[in-house]
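Quick one: the structure is below, and I'll ask about it shortly.
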Amino acid sequence: MVLRALAINCSLKSDPNEASSSDTMIAVLEKAFAEREVFLTETVRVASLNIMPGVTSDEGKGDDWPALRDKILDHDILVFGGPIWMGQIGSVAKRVLERMDAFLDETDKAGRMPSYGKVAVAAIVGNEDGAHFSCAQLFQALNDVGWTIPAVAACYWVGEAMGSTDFKDLEKTPEIVSKTADMVAGNAAHLARLLKSAPYPDDA
Amino acid sequence: MVLRALAINCSLKSDPNEASSSDTMIAVLEKAFAEREVFLTETVRVASLNIMPGVTSDEGKGDDWPALRDKILDHDILVFGGPIWMGQIGSVAKRVLERMDAFLDETDKAGRMPSYGKVAVAAIVGNEDGAHFSCAQLFQALNDVGWTIPAVAACYWVGEAMGSTDFKDLEKTPEIVSKTADMVAGNAAHLARLLKSAPYPDDA
Amino acid sequence: MVLRALAINCSLKSDPNEASSSDTMIAVLEKAFAEREVFLTETVRVASLNIMPGVTSDEGKGDDWPALRDKILDHDILVFGGPIWMGQIGSVAKRVLERMDAFLDETDKAGRMPSYGKVAVAAIVGNEDGAHFSCAQLFQALNDVGWTIPAVAACYWVGEAMGSTDFKDLEKTPEIVSKTADMVAGNAAHLARLLKSAPYPDDA
Amino acid sequence: MVLRALAINCSLKSDPNEASSSDTMIAVLEKAFAEREVFLTETVRVASLNIMPGVTSDEGKGDDWPALRDKILDHDILVFGGPIWMGQIGSVAKRVLERMDAFLDETDKAGRMPSYGKVAVAAIVGNEDGAHFSCAQLFQALNDVGWTIPAVAACYWVGEAMGSTDFKDLEKTPEIVSKTADMVAGNAAHLARLLKSAPYPDDA
């Protein structure tokens, strides 16, 4: 069963042509997913869109969330990519999470949110420290609104404490990152296939 | 397929006979699980055991972790129960998480940790605020060491800000808690069945 | 010594005339501060401004951060107000924190950031759970960029688990919230006075 | 004014003679403090004591917390040292925080907790990622129970993502760590002196 993944890059930089370490990490995962017949159709640079503040699924004129929301829900796997700032996940990522709050009220007759049966993984980068804090924020929030988190769902890189190197500027991808990407993609692909074949039941 | 769940109660109170709100919450989940043919075999009061500090699977003479570890891994689902203190998950819970750190080095030939294919959910209680912070800590740590987190994996109760009511002293279980328990148990049961039938592959 | 405090309201609602529970909490603190000769000059509704994504102090044309930054630094105390979403501090608050990242490179000859000697407190509201997680995010981030955190620096209110009541709709302010506001304001006023009289030294 | 600091090392290793990276980091801070006439009287290896689970100031026979509590409160500055495990502060540190919960009920007539007027800083080490998450946990919890957090209160070191180097095994202390230690010690010393001369008022 071929699956489709969508990546969102929650960089603070709005120009999709500006190099971003989150893109670099997403590319590492894209390769690992492709080897498992999961195709990453697109990486959305979220800051290039106008994702308005709010907690409904449509905040009105000019809001780019409805289209991004549709795109996310049209895929089997979400690769949630973004940078660490201040040791935490950045504000663009937080905005996306917040907009998913509406899922809580968008359940079907069986009480299932639109995210049910879909799998999310994290692609986190930073100059230094903050990946675990970022993942904790992502996993708790995503799980609250119906996403399933496969075993070992985080692929991340950060440099030594108070360092300033960017992931995108490394000469080569550290082997341990590639290995982790394989685990993340393998587990996510497997779990997404299971859930696509056998969705959460309506007695849930 | 009948499944088995184990609950751990990470109360700070060591006497299993002393009433604990975590036990009350676990009992709510137990009922919801039973309706889905998942049987909760036992609730372990962790503080009654000597879970020694450390990050190996056996810290030597007097360490009760090896037996608890075996018990946990002998079940399909882990109900991770415990109280909030200082707005965060308590120290007894943290101790258990820490001991699972050893899973990272206990992979099989396919790179799979002993927790792979098992599902964890949270049962969190407190007088007031702290459930989301506790879940963030639990989900990130459990996921790091191979646990899969089903959609809506947290059943919790806290009172109003700076309140002092215990969950165990409520006259009746709030309807929204029972409803959440149904979602948690339904999703966990479904996902655990899928993963038991089709474990994470060795290419992961 | 009369002091000046600035409040920022990080509500997701951009219209300053739209009622906001964060405003209600800020008003509770404003009263407590006034009794200690600390005057809250203004509450800025951050979402009504265009605070651009980025980590410099000026992201260019249309960026409202430079003016807000000046205003913040022109006061002795920052009342950082905002709502909880998904159990965490909201995206508008995160954006403000991120913009302060630039303080790290804006030190004077003595290595002091522009925030040195200033005191920050939190005013957090939510329908339910998440105040401690929000405060943890705020205090760690604010402290990283030079803010001092007085004893008991958080005034918050949340309802019972999974509740839906707004703080602004309570018939009256809970006594424990007023009492906490007194502690927060008393400690912040005292510490801000001390630091204004005797700034952090340049050997720091 | 000469001040006294106490360091607690929340390593999971109970033998104080076993080398610990937390000790190494505490030693870096000790030197920086000494240059500012703050003398670190002792480093307590917490895991060598029997700090019983609970949230009172005395959990009865065999509990070593009452003596440690007295020692902590007999100093002006607390250096809260400990390791990161699972990307978060370890369980021994959490236990210490929990025991301080009792401060909330141990106020004087003016409503001041025993920690009022005392300053806390963090000394965090890990092989990799987790320092900011650890500090967020520490600062929120310590602040809740009355500790004051000076500007830039965290001195930490972690290696590159998924690394395995220990701080104690570095050939030399990274310059940026020494520089941070100077900031932490300078700010903490200054603030502790101010608060010792002019305690939080009883109107707080």
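The first chain written gets the first letter, and so on, giving A, B, C and D; residue counts start at 1 in each chain.
Here, contacts are C-beta pairs under 8 Å (C-beta built on N, C-alpha and C of every residue); 3 or more make two chains touch, one makes a residue touch a chain.
Heads up on the chains, UniProt names are A, B, C, D = Flavodoxin family protein.
Everything numeric here is computed off the predicted structure, so don't read it as measured data.
Common neighbours of chain C and chain D, listed by label, are A, B.
For chain C, the chain whose average C-alpha position is most distant is B. Between the Cα centres of chain B and chain C there is a gap of 35 Å. A separation of 25 Å divides the Cα centre of chain A from that of chain B. A separation of 29 Å divides the Cα centre of chain B from that of chain D. Touching of two or more other chains is recorded for residues 86-88, 132, 135-137, 140, 144 of chain B.
Chain D makes touch with chain A in their complex at residues 86-88, 128-133, 135-136, 156-162, 174, 176-177, 180.
Contact residues on chain C toward chain A in their complex (touch as defined above): 12-14, 47, 53-55, 85-88, 90-92, 94-95, 97-98, 101, 137, 140-141, 144-145. The residues of chain D lying in touch with chain C in their complex are 36, 111, 113, 115-117, 132, 135-137, 139-140, 143-144, 146-154, 182-183, 186-187, 190-191, 194-195, 198, 200-201, 203-204.
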